[in-house]
Amino acid sequence: MAIPFDQILIQTVNGLVNGMILALVASGLTLIFGIMDIVNFAHGELVMLGGFTGATALAVTGSFWLALVAAVLTIALLGALLQATALRPLVGRDPLTTILATFGISLVLQKYALWQWGPSARKLQEPITGQFNLFYLEYPWYRVLTALLAAGIIGALYLFLRYGKYGIWIRAATQDRIMAQAMGIPVPLVHAVVFGIGASMAAASGVLFGPLGGVTQTMGADFTLRAFIVVVVGGMGNLGGSILASILISLIEAYASLVVSPAQAVIASFVVLILTQLFRPTGLFVPTPK
Amino acid sequence: MATAQSGAAPAVGRGGAPLLRTEALTVRFGGLTALNRVSIAVQTGEIRAIIGPNGAGKSTFFNCVTGVLRPTAGRIVFEGEDIAGLPPHRISRKAIARSYQITNILPGATVLENVRIAVQSRHHSWNLARHHRAYTDVLDRARAVLDAVGLHGDEDELAANLSHGAQRNLEIGIALATEPKLLCLDEPTAGMSVAETHATVELVRRIAKDLTILIVEHDMEVVMGLARTITVLHYGEVLAEGTPAQIQANPRVQEVYLKT
Amino acid sequence: MLALENVHTYYGKSHILHGVSIEVGPGEVVGLLGRNGVGKSTTLKTIMGLVRPSGGSVRFEGRDIAGMAPHRPAHLGIAYVPEERRIFRLLSVLENLRTGLDRPGVSESRKNELLENAYEHFPVLRDRRNQAGGTLSGGEQQMLAIARAMMLDPKIILLDEPTEGLMPRMVSQIREIIHVLHRGGVAILLVEQNVPLTLEVSSRVYIMEKGVVRHHGPTADLRANQAVIHQYLGV
């Protein structure tokens, strides 16, 4: 059965675009895990809430970009508050405790969204319509814009961590929490801020994804699931790895949906996950410790 | 056999052949040589203390003898058999037991149960139908061990509720319950008060009558009081061996400890 | 300036410090000697708030600091150089130093001064300032750990076995640094197993054994008292 070249091409670009959105979600997750060993099962719900907040802000202001900023700021604040109240007391305890806590938070956030926005889905209007010519095909501008924005945000995060003044604090606290405190770095505050940053990246993904797939109360689970697959395949705490893994997984799923339905294409991601665990458990893009 | 730079010969035990002997034992971790051709002979029935400054290789030596670490080179001969590289459970069957610095007791079980489980490792039967309380011989042995370590009054106490000193003694009891010929004690008095330390020293003296004991310790009073022979390690090599008096009089040992 | 009184500290059930009392005055160099496992490092960790004491008091410049959040002592002027050095391996040398420099209330000129000071006393750090901390040799990492603590412009530095594992040449450098800090008015609480070095730089010495202070006095007295040295430190 021959697959037409133009479909392969489209799926490649789709895979890259979806990969960048997923990378945005996964980088937030891996940042949170890297610095405070928290496995955040509520991360997908932060994406979802970002999307809903964005939808509301869009309806109020009429501007997609304002909506994006509003959603990012609101959810960043929510994230920091969640960490400071529900998760900080759990520092140093059995990791299972934080997993249960974040899982509980995800349930609460889902029901809150249901109560706040009702059971129907929202769709966001993309800020730029129209398509361009990709070889001999037409491809939506907005999707490309999404990928570029996601890349830009991740790039900004990287630059901040590498060269920013507080980036040093975050990296020091990630490497050695105790010595960072001995140097006067307010690690509890850093943790809350980093959680906020991770949450804001999730929110941005939610808004960017809004025009593509709509916003529903249950969309979080899919994002959380894929983000975890990415983080494990890319190496926990490894920012570059999660980006590469996001693209890899999304491309594989995109190609898989050429032959099976998209709902079944996620199986391909699981296969990658299982293979990674069997042969390179520390992550595909992390050198295996000797 | 043993090399002693102090020139004095190590004390000789009851039998001719040593119970435990290492030959040119070497452990390398990448570029770091933790043990360098260490040759030691421990006679049956003696209490041998291994001392040395931080990083001298005492724990590494212990870990080799008890099967936790595989040596890079050299032999470890126990009762005439080379045991280097054997996994810990095989070592245990060879009658070498070990107590750990971080206590390994089961906190949710009673004191008696902790020891009984260890006794059963030597005396288990495959008969699933017998009730555990019917194993009177096992229980008798367990109680005898508790007696030996001074915990007979606490047999129904949950191990988690014991004081730190009592927990360390329970740890020794668990090791003892496996009926070892060689008992390896890893810093048994660490974190204990002076009173608890004295109690533990008494305990070790009592049980030493039927055993050979290898002990790593930092507390010099414990070492000088208990050991018949002391081996001093320094940078992974045997610096000196001898009786407590000989070691105390050894100027090189003093130098190393006082870093002159 | 720094006063521990009857401090008891536990690690889980293990009672490590059984009533430790130690004092360090402003600008003093005080030694804390003892064999392994007696509780010297635990004493420093208790001061830094890394371990919470279960009894007794820890006071700095009159205020109670026991149980303070662990990032506060640095702001009060207490710097810590731990036994394993623990520099930030993935940060560059300069970034390591900046973790101490980037504090509120310090002028840019003062920061540059502190940095130049460090480079002057440890020229190798200037050479390697953009290299990752983990690529430095053991001795260089020790220099970095001390320089990093100096960036806090501290009133007292807690040094935990700074000469352990170092070559004699580097031990001399450590001796020099201690002198420099002392001349600069910084107090030092020096935990060491290197007895001669400690006797040389300290004005007073405490000796610990099994979680208690067994001996305390001016260095001159201790130097003359070989018996005590051999009893608690020798074999």
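Annotations for the structure displayed:
Letters A, B and C mark the chains in the order given here, with residues in each chain numbered from 1 onward.
Everything below uses one rule, namely that a contact is a pair of C-beta atoms (placed from the backbone, for glycine too) under 8 Å apart; a residue touches a chain by one contact, two chains touch by 3 or more.
Nothing here was measured: the structure is a model prediction, and the numbers come from that model.
Path length between chain B and chain C in the touching-chain graph (shortest route): 1. Chain C has its Cα centroid nearest to the centroid of all protein Cα atoms in the structure.
Between the Cα centres of chain B and chain C there is a gap of 34 Å. Rounded to whole angstrom units, the spacing between the C-alpha centres of chain A and chain C is 43.
Separation between the centroids of chain A and chain B, computed from CA atoms only, is 52 Å. The multi-chain contact residues of chain B, meaning those touching 2 or more other chains, do not exist; every residue touches at most one other chain.
Residues 51, 53-55, 163-164, 167, 187, 190-194, 197, 218-220, 232, 247-248, 250, 253-254, 257-260 of chain B are the ones that touch chain C when the two sit in their complex.
Those residues of chain C that touch chain A in the complex are listed here as 48, 50, 69-75, 79-80, 82, 86-91, 95, 98-100, 102-103, 148, 152. Contact residues of chain C toward chain B in the complex are 11, 13-16, 18, 35-38, 161, 164-165, 193-197, 210-211, 229-230, 233-235. Those residues of chain A that touch chain C in the complex are listed here as 165, 168-169, 171-172, 175-176, 178-188.
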